[in-house]
Amino acid sequence: MRTFTLLTVGLCLAGLPALAQPRSAGAPDPKLIEDVVVANRVLADLGVVDGFGHVSVRHDKDPNRYLMSRSMAPALVKAEDILEYDLDSVAVDAKGQALFLERFIHGEIYKARPDVMAVVHSHSPSVIPFGVSKTRLQPIYHMSSFMGVDVPVFEIRDVAGPASDLLIRDARLGAALAQSLGQGAAVLMRGHGSTVVGASPRQAVFRAVYTEVGARLQAEAMRLGSVTYLTEEEAEAAARANDTQIDRAWLLWLKAAQRRSMAG
Amino acid sequence: MRTFTLLTVGLCLAGLPALAQPRSAGAPDPKLIEDVVVANRVLADLGVVDGFGHVSVRHDKDPNRYLMSRSMAPALVKAEDILEYDLDSVAVDAKGQALFLERFIHGEIYKARPDVMAVVHSHSPSVIPFGVSKTRLQPIYHMSSFMGVDVPVFEIRDVAGPASDLLIRDARLGAALAQSLGQGAAVLMRGHGSTVVGASPRQAVFRAVYTEVGARLQAEAMRLGSVTYLTEEEAEAAARANDTQIDRAWLLWLKAAQRRSMAG
Amino acid sequence: MRTFTLLTVGLCLAGLPALAQPRSAGAPDPKLIEDVVVANRVLADLGVVDGFGHVSVRHDKDPNRYLMSRSMAPALVKAEDILEYDLDSVAVDAKGQALFLERFIHGEIYKARPDVMAVVHSHSPSVIPFGVSKTRLQPIYHMSSFMGVDVPVFEIRDVAGPASDLLIRDARLGAALAQSLGQGAAVLMRGHGSTVVGASPRQAVFRAVYTEVGARLQAEAMRLGSVTYLTEEEAEAAARANDTQIDRAWLLWLKAAQRRSMAG
Amino acid sequence: MRTFTLLTVGLCLAGLPALAQPRSAGAPDPKLIEDVVVANRVLADLGVVDGFGHVSVRHDKDPNRYLMSRSMAPALVKAEDILEYDLDSVAVDAKGQALFLERFIHGEIYKARPDVMAVVHSHSPSVIPFGVSKTRLQPIYHMSSFMGVDVPVFEIRDVAGPASDLLIRDARLGAALAQSLGQGAAVLMRGHGSTVVGASPRQAVFRAVYTEVGARLQAEAMRLGSVTYLTEEEAEAAARANDTQIDRAWLLWLKAAQRRSMAG
């Protein structure tokens, strides 16, 4: 509702810079567009997203803009579907297309975290159970080390009350989610999904994939008895080491996405 | 047995309108046929149905008719396999083909629920365990919100006694199942499967898919400890929001089904 | 070791009818060969077998002969790989090929059970845990009803002692397994796998598939709390009903196997 | 860090044989290269490795050399990516390519175990939970018998302290891992993965695959109650029997890898 209010105000008060239709920061690096398109395909290929979920990247020409597809299934995203948004999550040119209701996840995190260059929101299946449980998600092996030892859970009831539709459908909810994320790499969203961030689309995808895998393995391990988790120091060291290896996985995922694209 | 009795009576007493061979309501909208064919493929693609299960749609020209394939595996259904049935689940023209033993699920639900336009019956694997357990299926996240907080379980023993074959093989059992469903979106069937309904084939498919996913995630979450489920208010709000987003998933599923069809 | 002894005796004492190289019963119905080839592919497609496991059919011209591939991965079996065996599991003409070490599973069951026309042996993954546990495999829904309410577990230690390699590598072990199977449809093999039988390759495959699915669903259901299983009467009635529906699944599986074959 | 130190020393002190750039043992048997390439594909196909993990084979011309790809995702490895290393894990000719940080796993095991001809390191998902738990991995069925009844777990904290990045990034850690492996077929690595060895690439792949499957089945079985594991004698006998059957699975895996290769 707030969304429509903002847009209406924006349309009515054209001229007030903060709410007016934003201007484009210019054409982004085509490689950035390619990475965000591939990111969509990869996340779908690996089951992190299904018909829902979205991934964005901060504009390389202007830190106050970000790039994300129109509202559509990630597996189908092509370069021409990528739109530019300002950090209030207003599209520079929506081209008459529907936008993601939850684009405020992205805009508000980019506002709060200048270091973040890419954001993935998903309903990654193995992560959902940790979001509705008191059991903390923790790094069980080096591949999920980036999540750190204190992954927050965002409870939308604390902000939106007991009758919300669980969606981050305005800037206020987006800002609350960003606050819950803090300086971390991932935030779980109770009854909804999760959001991970990165310094690039590749790192954000890598983290989204291994948040899913790590959650699945932790749940399995807990069924065997007490679990030895990574220490904070181990997690930090392993995350640094993995950051140098992201392209090894990315190249594999890219090839699979290209093969899929040729087939379809 | 009741089925054969009804049919025999129908053949013997041709002329009694209620039991005679029903007349066609005319050609349905081809888009409706396409949607029910795609629905079959999608449900198979996503593992909601295997060789068994069926999906129907109410006829757009006559609310007292519905459309469903002859007895066959859903993945193989083509437009020419779709037959027309009256609400007693008698085929207008069976074309000499075998019919689903359990078509009464569909006819009796269409009788009891004028708002229902499509029905999916399946042995959706993650749902089966909830049907044989005292553990209630509940919405764990917004995607399964449509099921509401009180999903009924149909116990066929209450109607057919302790020695049935568990199939809804006549109108009496179909009516009992419809009564168990009540005004809800889904009903579990103990020792058998589940049935979900919708205002369109797309909504019914969406609900069948996320009943399966929701059940899987709930089972996982319960293993982590106590679970925070959606409140009734959250479930209602989220279901309303999701209803505006169904085509995003449908378009993805359609493309996958088309690709599969081309391949095969 | 017993195997080699038997063969050696057979070669040395050529002339003793029981142990001599058996004579062929003649060419089997090509449709039978086709069904056993398809059965191999289907079982591989559906994950009931991997590189190991085998399926046989009794010869239609002679109840004292059965047909099964040479020792090879089921997914790769073609018509020319099918060999004829007598019920002592001696190949009529091995064509210089290696034979399954465990072919005695098949021969001894055909001896003990004249009603059995096809046998599937596999390491079907969801069934293995029930073979090593005190928890009984039971029919949780109509699709697994054929297994009945008292599925036996064969403990090879009772026959071969504590140091066997767990394989049914001679007629004595095969006969003991057949005895454990009794008049049932399935027998679990502790620390090894399972064997199911049928009145046709199609029924045996159907049963192998739904033994696997039923085991998986039962394990899931048990984690939710106490489970309502099918009564003996329900299981019998449902098994009879399902037996009329096998071809619905078989046709689907056949199409998938053919597509796979064309691709490869 | 130790790695770079060694390399620097090697470059500075060229002439000291132990640390100098190693000389090639000559061209290996092309069939060995083919097996290690196929091994990479197979392990990826079967989900034992993802973008990470590696497999090596000892050089057939010199037991002090081994062959392994440059640092890359296993699914993409081709013959031209295979490099030669000495047992200090220095590449004979790195061709300017990045090397696996953890190649010391391979070199140190080849030093300690003259019988070992191939090594697989992976993050095989079902095995990870056993590495972080007090629950011992044990053979639940004949296919996982090779692991024996006492699979060791390597705790890197015992060697590298509480703040390592969990990687085997130098010879000292590799030697400690090799010591933990002892005379066994597999060693779990806490918070990281596992390593299996074999007398050939085929046996090492076979063992890696059935370590994964065995772990998954054991976890499932434990949820059903107390488990009857293979005795030590059964495990030994079954392992010997399986060793004669490896090519049955290998041929299947090879065909699948070739099909995949043609497609991509």
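Order of writing sets the labels: A, B, C and D. Residues in every chain begin at 1.
We take it that a contact is a pair of C-beta atoms (placed from the backbone, for glycine too) under 8 Å apart; a residue touches a chain by one contact, two chains touch by 3 or more.
This structure is a prediction, so every number in the text was calculated from the model and none was measured.
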item: Rotation in the CA alignment of chain C with chain D, degrees, nearest 5; value: 90
item: Same vs different contact residues, chain A with chain D, by half of numbers used; value: different
item: Geometric centre distance via CA averages, chain C-chain B, whole Å; value: 35
item: Centre distance in Å when chain A and chain C are each reduced to the mean of their C-alpha atoms; value: 49
item: Residues of chain C engaged with two or more neighbouring chains; value: 223
item: In the complex with chain D, residue positions of chain C that touch it; value: 50-52, 71-73, 75-76, 101, 123, 125-126, 128-135, 162-167, 190-193, 219, 222-223, 263-264
item: Of all residues in chain A, those that touch chain D in their complex; value: 140-143, 145, 213, 216-217, 220-221, 223-231, 233-234, 237-238, 240-241, 245, 248-253, 255, 259
